[in-house]
Amino acid sequence: MCLAIPGKIKSIELQYGGAVRMATVSFGGITKEASLEMLPDADVDDYVLVHVGVAISKVNEEEAHKTFKYLEELGEIGELTDVDEYLPK
Amino acid sequence: MKYMSEYRDPELAKKYLEEIKKTVTQPWSIMEVCGGQTHSLVKNGIIEMLPKTVTMIHGPGCPVCVTPLNIIDKAIHLALEENVILCSFGDMLRVPGSKKNLLEAKAEGADIRILYSPLEAVRIAEDHPDKEVVFFAVGFETTAPANALSVIHAHRKELKNYSILTSHVLVPPAIKAVIDDEESKIDGFLAAGHVCTIMGNSEYHPLSKTYEVPIVVTGFEPLDVLQGILMVVRQLEANKAEVENQYARIVKEEGNPEAQKMIHQIFEIKNQIWRGIGEIPDSGYQVRPEYGDFDAKRKFQIEIPEAPENPDCISGQIMKGLKKPFECSQFGKKCKPTNPLGAPMVSSEGACAAYYHFSGLVEA
Amino acid sequence: MQLQCPMPKLDFDVITLGHGSGGVLTNKLLDSGVFDVLSNPILDERHDGAIFQLEGKMAFSTDSFLVSPIFFPGGNIGELAVNGTVNDLAMCGAIPKYLSLSFIIEEGLKVSEFWEILIAIKGACEEAGVHVVTGDTKVVEKGKGDKIFINTSGVGSIHSKANISAKNIKAGDKIIVSGNIASHGMAIMSVREGLEFDSEILSDTINLNHTISSLLDSFGEHIHLLTDPTRGGIATVLKETAQSINLGIDMAQRDLPIDNQVASACELLGLDPIYVANEGLFIAFVDASIADDFLEALHKDENGANAKIIGTVTEEHPKQVIMESAIGGKRVVSMLPGEQLPRIC
Amino acid sequence: MQLQCPMPKLDFDVITLGHGSGGVLTNKLLDSGVFDVLSNPILDERHDGAIFQLEGKMAFSTDSFLVSPIFFPGGNIGELAVNGTVNDLAMCGAIPKYLSLSFIIEEGLKVSEFWEILIAIKGACEEAGVHVVTGDTKVVEKGKGDKIFINTSGVGSIHSKANISAKNIKAGDKIIVSGNIASHGMAIMSVREGLEFDSEILSDTINLNHTISSLLDSFGEHIHLLTDPTRGGIATVLKETAQSINLGIDMAQRDLPIDNQVASACELLGLDPIYVANEGLFIAFVDASIADDFLEALHKDENGANAKIIGTVTEEHPKQVIMESAIGGKRVVSMLPGEQLPRIC
Amino acid sequence: MKYMSEYRDPELAKKYLEEIKKTVTQPWSIMEVCGGQTHSLVKNGIIEMLPKTVTMIHGPGCPVCVTPLNIIDKAIHLALEENVILCSFGDMLRVPGSKKNLLEAKAEGADIRILYSPLEAVRIAEDHPDKEVVFFAVGFETTAPANALSVIHAHRKELKNYSILTSHVLVPPAIKAVIDDEESKIDGFLAAGHVCTIMGNSEYHPLSKTYEVPIVVTGFEPLDVLQGILMVVRQLEANKAEVENQYARIVKEEGNPEAQKMIHQIFEIKNQIWRGIGEIPDSGYQVRPEYGDFDAKRKFQIEIPEAPENPDCISGQIMKGLKKPFECSQFGKKCKPTNPLGAPMVSSEGACAAYYHFSGLVEA
Amino acid sequence: MCLAIPGKIKSIELQYGGAVRMATVSFGGITKEASLEMLPDADVDDYVLVHVGVAISKVNEEEAHKTFKYLEELGEIGELTDVDEYLPK
């Protein structure tokens, strides 16, 4: 349910005298408009999750790494040394 | 794509699977609440990779599947009005109504537009002042703010020809209903990451506590799902019942307050009928009377008699995790994706369709 | 490929029913010079049909082309119609020679658009080395067509070394896709009302006949089947083939060549690229013994730079196509009930 | 001609977009048995094209068929599509052999109607002795088509005695029409909304290839040109021919064979039958020396009972067609600017 | 067909022609008022068969040709309204408006239906209660009763969505205008048989007497026209100026009183603009105010600015018989049936089109 | 102008409780409906002239012959003896 994908804000346009902020969001090179009305503090270069044309969350970069480190942190897979290769570049 | 592709790494997936196998000591049934997770499980072949002791149960989290028959019939009725343009997300078009689906109505000449966003529908309404534009606003909490926003836009633009036909469902009451079922045998839940993106996790703490089930808010990529399963299994094995957040890169404890504001501006909570399941108290949204002009139900006052569901379809039991699709007598026989008897056979998120494709049943 | 031909001067801007009536206007359109771009001695006879000679075995194929919008990133319906039939003939192991060209025009089409389509047809014919030798132009009332539909049929001589038939496929055969998948379908999606997005995605429409011909020169009978995964995408063609040969196909998601933007667009709309249409792509089932050489030859061809071996024919799971997912799971690939619709779920 | 074949049982009543998507529904339609009526070994290969051999010179022709309504007195669009291309090939002096068949279906078409059309196609193919060897089915959205359009293309071998070319026409040649004119167009008019009338008028759609073949057997090179006066009627074809040969044509109204009801219907709507479409009619330009024998042979043929010599090629008034009126006056026959519209004036 | 084919006999035609030749002693110019007669002359090649001393002049009797530009523009405007179905006789569709014709409007998507009868338009209005059905009611006195009858039917059926856009012209005032023109050189008239079928011959007696011209009410088949010409020539040679009735098998002296009643029930006389000629007093009909609901002009209040006629077009002079088409600088050059500058190049009844076809001009 | 052709009334139907008389008229074998509202005394087997779906005149058989006899009656063509062949059968 609720297909939503993360993209990077390339630019922001104000509409209705500033009442509406519309972002141009890049998803792996393609771009589409998304409303920022639900993310008042999102800014250019932020990654946001977009669902049906509306940005609904800013991606938290720090938290994003945790999935790659979770097993390591469990302390149960000592051999997991190559964790860096899963990290976003 | 950043924040997606990384979560599809085969090596790390293997390690997660090994860890799940290592962790599990007894059979567990875990419901992934959300159809998006079902889709990910199926598309990535995860179900077969899991240890046999971990059974995934596909929950009711596919808005396409749970939209009541009567609302589909109403959407079809409206679409066939000469003066109406019905706009919809693509996946609603194949859902069977009592006599036909929206694709068939389109074949009869109904003007139906497939859109990516409800905001597009508002634009169409601006462009066609002589037509009534109705957006078929289905969805869970995730989609509710966008649908609400379309009304806010239309209101701001003073459009008189825009309205939404809503069928909004809420996840926590559904989880409660699933657990409350006597026959329920679910040990833990993967909660729907995108719903929580909007609503936050607060509603899950009492559920987890009351029913003593682990609930892990989980994302949709394979590593997300695998991590989520591991987190549930670890709790179960440790006899814990907490709310954890696997999807913290997106989901904040408090959700998105702006989005919640928009929801509450436009919608109010009501009892809602879930297709195949029945009425669940306080499990849906309807447009507030203040915005009644934008409510297609009020505006068009369509009376369509309730039609009976196909009596052979056991989709309710399937969505509660009480039965598997292949336990349905119609599965793969009368009921196929080309001729679905129930909604779970429609979208690739529906449990029946997922099993149908996965099991590789092939039509003559 | 589009030549900058100046359009002949006409005293009409749009095509109307009269241009299809068979009367003065039809002749005016035919004589306007608009069709001169396609001129060749056989076509210029303007009889009820074309007359020519073809030696040996021949192939004959037809397709009607309807695409909305008719102009899309990377091409238009004109070159699509030429390339489509040229490629179908090539898939039969034939050297395409002559095409028929039949227009069904919705009244109101701008002559300038029609001209642009004709120029694209001319360019595509020249690229492919084929000639339009017979044609037809019909006009339908407004609201009873969609700007323009084009049917092309074509004939060609079977390549002397070709022996293309699904019956030749055997277990162990390698399955090679000639390039990036899903580009055409997503180029069209990018300009569909209500779904549009900005991208550099271009349709992959191209003629494959020269590529196929040189592959047949080199690999002859070792090429067991050639097929172009247009409507329904590669999944549909592979599933159809598995069913028809009563063998299974194993493939892996990671082997599928796909452009980044195309992949992203599929994520955005919730579409699976294996079901998305291609136009300038082919799938070859070849003997395992030549698979690597075939791939190498293809890599040197301008239409095969991104070619990949994507699967193997197997005796296991007959009629089934099994795809290994990104994380190594297995998934059954089946056909879709209809066109893929964008999802929110 | 229509066989009473029972329609296969299907779980769908109308054709929808999914049937043209290339997915399960497309295959379901293809496998439904609906197309089995057309079965033959070449078609059954179901590859991207058909493979076969034709000896000697060949003809190749195409036409797209759009007719409203699709069922009309005397036939339907299916047989029209087969006969149209069969006849165009015959007009080239060819023996029609193989057809391609391409459907553009507007979603919502009843399967039962599609079936009826297919049965008519089958019947017409059998009559003509041709086989559909390759095909295509596309579905367009409601409101973007008109129930069904059919393209047929065809190939055939040129008759060994045929030498059909407008260049062979010379002054003195006789012009023969094979039967009553204007029947097809008026059969269609009789069921057009707003204009309809009751009559026994039937479309003349029929295959002419056997008739032509036996005329070629007997008269060979003395037959200079064959042409079928479809859209635009006999006037348009005669005027086009006069222009292309740079000679004149003399003809007389009283010689034109026409059915009484057809003539009356033309009076009612103010239409001139020489501009009305025909489907099962041909015009032959033959050497004067054989004209009477040709006519006699034609009269013995089931498709030529009403044949008449209607005119003569002349060196006078080059490019002009002059028709003697009923009362002996002269009238220049020109092309119409567009489709003839019913008059009140 | 009985009462038609007999009047096409070539032998008798020859005898009529011989008799005309025998009778004529000096040049005469005869106007056939009606386009139907022009059509017959051209189609049957009669003009060339007549002695050189008899010149036929093609009158203004083609309602298609004389319908004002502005009314065509209004019809096009209405047809392009999304809510309107415009019904028309076929021959109106190619008449040029100021920017386009109805065929081109149709190509742009206008819903235009070609009908055999205005009564069909009433049926269409019944079938499409949600649409406005407008019948483009052009014609001379012949067609006026049928158009009036359509209003009577619609009124009886209480249809609220049927109206007619009228451009009705009357023949006798036009004949008067033609004779009144200073340059006029017409010696005698073939009056329009079908107009007289409705109106009778009474209006012609004073005309004939006042202006001292023979007027023969004439039919449309070749023998009719030939006989009519002979009757005019005989009067001229005998220096007579009477009204004779060649077409007595159809035309009664008093016309058709029932039809006249219907005309007067629905229509009233007004000044009318004739395309190319200008305003002629009392030469048209308009819908009476009592039936204003059925009058498209009142109902839709379309204001379309008067556009100038093509200044190179001399159709007015041609229709008054002052000039021949080939005296027009545009004839066969810029003005052809495929691209008519004026209405007389449109229908095969129009004098310019008739000459164009007859002279065998051929487009490159 | 005003294309109108003669046809024979095959049958008459009363509509609107007799207010409207509609005829089925045969034109050389084809038939079409025509209103008889302007010809109250027209009856089955009569020939009527029909214009745009309305019968506007009954054909007068006697008058119809006159065109064939006119030249004869002028007394100027004595040789015209075969007049009968032009008469409607």
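Lettered A, B, C, D, E and F in written order, each chain numbered from 1.
Convention: a residue touches a chain if its C-beta (ideal position, glycine included) is under 8 Å from a C-beta of that chain, and two chains touch if they have at least 3 such contacts.
These figures come from a predicted structure and were not determined experimentally.
Undergrad: Given the touch definition stated above, what is the smallest step count connecting chain C to chain E?
TA: 1
Undergrad: Starting at chain E, figure out the least number of steps needed to reach chain F through touching chains.
TA: Minimum step count, chain E to chain F: 1.
Undergrad: Once chain B is fitted to chain E on CA atoms, what angle does the rotation have, in steps of 5 degrees?
TA: Superposing the C-alpha atoms of chain B on chain E needs a rotation of 180 degrees.
Undergrad: Greatest Cα-centroid separation from chain F: which chain?
TA: The most remote chain is A.
Undergrad: Is it true that over half of the residue numbers where chain C touches chain D are used by both copies, so same, or is it different?
TA: Counting which numbers both chains contribute, over half are shared, so the two copies meet through the same residues.
Undergrad: From the C-alpha centre of chain D to that of chain F, how far is it in Å?
TA: 37
Undergrad: CA centre of chain C versus CA centre of chain D: separation in Å?
TA: 30
Undergrad: When the centre of a chain is set as the mean of its C-alpha atoms, what distance in Å lies between chain B and chain D?
TA: 55
Undergrad: I'd like the Å distance between the centres of chain B and chain F, where a centre is the mean of that chain's Cα atoms.
TA: Centres of chain B and chain F (C-alpha means) sit 74 Å apart.
Undergrad: Mark out which residues of chain F touch at least two other chains, giving numbers and ranges.
TA: If we look for residues of chain F contacting two or more partner chains, we find 1-3, 5, 27-28, 32, 51-52.
Undergrad: Can you list the residues of chain C that touch 2 or more other chains?
TA: Where chain C meets two or more other chains at a single residue, that happens at 16-18, 24-25, 27, 141, 143, 263-264, 267-268, 270, 334, 336-338, 343-345.
Undergrad: Show the residues in chain B shared as contacts by 2 or more other chains, in ascending order.
TA: Counting only residues that touch two or more other chains, chain B contributes 1, 4, 9, 35-36, 62-63, 89, 103, 116, 120, 139, 143, 223, 337-338, 349.
Undergrad: Sort out for me which residues of chain B touch chain C in the complex.
TA: 1, 4, 8-10, 13-14, 35-36, 39, 42-46, 48-49, 62-64, 87, 89-91, 93-94, 103, 113-116, 120, 124, 139, 143, 222-223, 336-338, 347-349, 357-362
Undergrad: Mind listing the chain D positions that touch chain C in their complex?
TA: Against chain C, the touching part of chain D is residues 16-27, 45-54, 56-64, 66, 68, 87-89, 91-92, 94, 98, 100-104, 133-136, 138, 140-141, 143-146, 149, 151, 153-155, 158, 164-166, 227-228, 230-233, 236, 240, 244, 275, 277, 334-339.
Undergrad: Show which residues of chain C lie in contact with chain B when the two form their complex.
TA: 193-195, 243, 254, 263-264, 267-270, 272, 317, 319-320, 322, 324-332, 334, 336-338, 341-345
Undergrad: Name, in rising order, each residue of chain A that touches chain C in their complex.
TA: The touching residues are 1-3, 5, 27-32, 51-52.
Undergrad: Which of the residues in chain B end up touching chain D in this complex?
TA: Against chain D, chain B makes touches at 103-104, 106-110, 337-339, 363-364.
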